[in-house]
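By written order: A, B, C, D, E and F. Residues from 1 in each chain.
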Amino acid sequence: MATVNLIEYADASAEVRAIYDDIRAFRKTDFINNFWRALANDPAQLRRTWEGIKAVMAPGALDPLTKELIYIAVSVANSCEYCIHSHTAAARAKGMTEEQFAELMAVIGMAHSTNALVTTMQVAVDDEYNRG
Amino acid sequence: MATVNLIEYADASAEVRAIYDDIRAFRKTDFINNFWRALANDPAQLRRTWEGIKAVMAPGALDPLTKELIYIAVSVANSCEYCIHSHTAAARAKGMTEEQFAELMAVIGMAHSTNALVTTMQVAVDDEYNRG
Amino acid sequence: MATVNLIEYADASAEVRAIYDDIRAFRKTDFINNFWRALANDPAQLRRTWEGIKAVMAPGALDPLTKELIYIAVSVANSCEYCIHSHTAAARAKGMTEEQFAELMAVIGMAHSTNALVTTMQVAVDDEYNRG
Amino acid sequence: MATVNLIEYADASAEVRAIYDDIRAFRKTDFINNFWRALANDPAQLRRTWEGIKAVMAPGALDPLTKELIYIAVSVANSCEYCIHSHTAAARAKGMTEEQFAELMAVIGMAHSTNALVTTMQVAVDDEYNRG
Amino acid sequence: MATVNLIEYADASAEVRAIYDDIRAFRKTDFINNFWRALANDPAQLRRTWEGIKAVMAPGALDPLTKELIYIAVSVANSCEYCIHSHTAAARAKGMTEEQFAELMAVIGMAHSTNALVTTMQVAVDDEYNRG
Amino acid sequence: MATVNLIEYADASAEVRAIYDDIRAFRKTDFINNFWRALANDPAQLRRTWEGIKAVMAPGALDPLTKELIYIAVSVANSCEYCIHSHTAAARAKGMTEEQFAELMAVIGMAHSTNALVTTMQVAVDDEYNRG
């Protein structure tokens, strides 16, 4: 059960429909996933988030698949079930192989483990890491 | 202040020295960072962690720099100051540009934001994400 | 599935029944939500938690609705599905409008984003924030 | 130590200076805190974040102080030292009394406690919380 | 829904079958829980994790039940539903009483509460805790 | 730097002094650590927390050292530097050996790793874990 209603295209305001149309055109699919339909309760939040996603996830110094892998890693750390599913699907749509997913998972597991070990030991940061 | 002592090479057992030697040879540097010197209080943990890191961070279906970016993302989510510094330094040593770091940061920020929005709205996972 | 059983009024000890009665009287409803019925496996924990909630959530320098909004923000950060649902329901019962919920969500999303940006950059705390 | 350099006004590009100027004018102070000076390494991120903050933290259905209290609660959950200091200072500047801060803290402590209790017991969400 | 398939014994490679056989022999049960069947998509990860678990959870300076209680506490902090269920079941199988579970839960709740209070107040570490 | 002042005995109210006296008598030491001196800004919170700690950390179905180990594990997951130091010191004062600390750390590291692996794979909870 959600804490907000999902806004269908037929029930949406002109402002929300315009963003739905942009999502569809940008992604070349009619499918609008639940995240956007839930966000649409606040059109300003919907617009801010969609514009942010478009800007941040665009190809740049990092390729779009690498960005999805990073997104999955953050979503796992935050225990966001929906986000793990949607970004794993997005990564596969962008060409993630099962070998890449297995290595992503191995890095995620290792990082959580060493993060916890470091935190338990309260290790001081080495001077060598200072960029100064 | 740390919760454990740091083990210097001169004070280390033969078992620990052998791992320190392997770290130095593998990384082609004499520098042993504090993480390993703290872990060395438990030689079995030191060996298990070092062998794990070598296996997981090796080039494979994902390149070593991509793995460091994922490591940074996890370390940020876990607020591990030491890990953020050591893996940002490692990423730079592996060629991370400032443009790549800026994009990594943008993805990390965006992911934390949408993770929190999804969690607040308790959005149901779309059937379309089912691999079945 | 839960890791503990839920204790129904009919099966409860006199000590637990007295707390259930107080919850009902205090909240002016017969409804006892699952949290309390689960906590009742440990009557001391049930009492400590209920007394704490009554003291902390009472009107004071902050009004009860503001306290519920803060409770939702913490529950989101902790990914506590049950808590998000129960405290969102409580906030609505205390008068939270959809506009307020949308603004709460916007602040939560923004805060998670800038928290992550700050943590990635390891920004030093400005001297100006020192109260000294 | 930070993982990025701080950009001073004197060294900033015209694009960054324009945002610094807007921050100063909007806040009616010459002080630019380290967060913005660190973000300025990526002018697009600086602009996106500042525009987001201005929109989200503006007076609306929730007053600015309530928004700061929510921001503090999220920052505590994320262990973001810098954010806790900067938003506690901002809350005090917006009139937060010590009584309000004490009650904020009490709610934060209670919420973390019951979040953890619920999660340990894996309590099912009551049907009564369904808005349907 | 999972993001990976579960590997059944009948469909598993010889390498995976050998690990499944070791899990069964070590635990004296035919039951292989879903975690291992999901991990088996990456035989190297399966082996590394199983060998790690065997080494870490073995009787030593801490008894196996104490280790399970610690595992539950971490899993709660990480909101890992599966892990909470599997390790609570494991703890009960190793003799955890309901009184012990209630006390575990009380400590978990208290620790989350005081962690959050300390973090809000940004209390400096007392010199007395320095081992130096 | 802290966000609140520390309350010294000489400056404390009679109510706060009485709690300080109880802490000293209960722990058989004059030392009052910073946590309590910071909490004393809100005498009700000070009392509620101290009474809770006394009740929860008392010997019971779990011994006091086991409770401290659990407290450390939670504090690590929450990245609470102060709490890690104070509870590691408390555990050592209650007899924790270096071997026990090493095993605690190994379990903490392993649990964070498998928590993250499970969460990435979104593994369904086995029916066998249902107590029903």
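Just so it is clear, a residue touches a chain if its C-beta (ideal position, glycine included) is under 8 Å from a C-beta of that chain, and two chains touch if they have at least 3 such contacts.
Keep in mind the model is a prediction, meaning the values are calculated, not measured.
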| item | value |
| --- | --- |
| Most widely separated chain from chain B, with each centre as the mean of CA atoms | C |
| Interface numbering overlap (same over half, different under half) for chain A and chain C | different |
| C-alpha-based rotation, chain C on chain D, 0 to 180 degrees, nearest 5 | 180 |
| Farthest chain relative to chain E (centres taken as mean CA coordinates) | D |
| Distance from the mean Cα position of chain F to that of chain C, given in whole angstrom | 21 |
| Mean-CA-position distance for chain E and chain A (Å) | 27 |
| Distance from the mean Cα position of chain E to that of chain D, given in whole angstrom | 34 |
| Shared interface positions of chain F, touching two or more other chains | 1, 3-4, 44-45, 49, 52, 55, 74, 76-81, 84-85, 88, 102, 104-106, 108-117, 119-122, 125, 129 |
| Overall pattern in which the protein chains touch one another (line/ring/star/complete/other) | complete |
| Contacting residues of chain F [partner chain C, same complex] | 1, 3, 5, 44, 48, 52, 55, 125, 129-132 |
| Residues of chain D touching chain C in the complex | 1-4, 31, 33-35, 38-39, 45, 49, 52-53, 55-57, 60-62, 66-67, 69-71, 73-78, 80-83, 85-86, 88-89, 97, 99-100, 102-104, 106-126, 128-129 |
| Chain F-facing residues of chain B, complex | 1, 3-4, 41-42, 44-45, 49, 74, 78-80 |
| Chain D-touching residues of chain B, taken from the complex the two chains share | 79, 84-85, 88, 98, 101-102, 105-106, 109, 116 |
| In the complex with chain D, residue positions of chain E that touch it | 72, 76-77, 79, 81, 84-85, 104-105, 108-117, 119-122 |
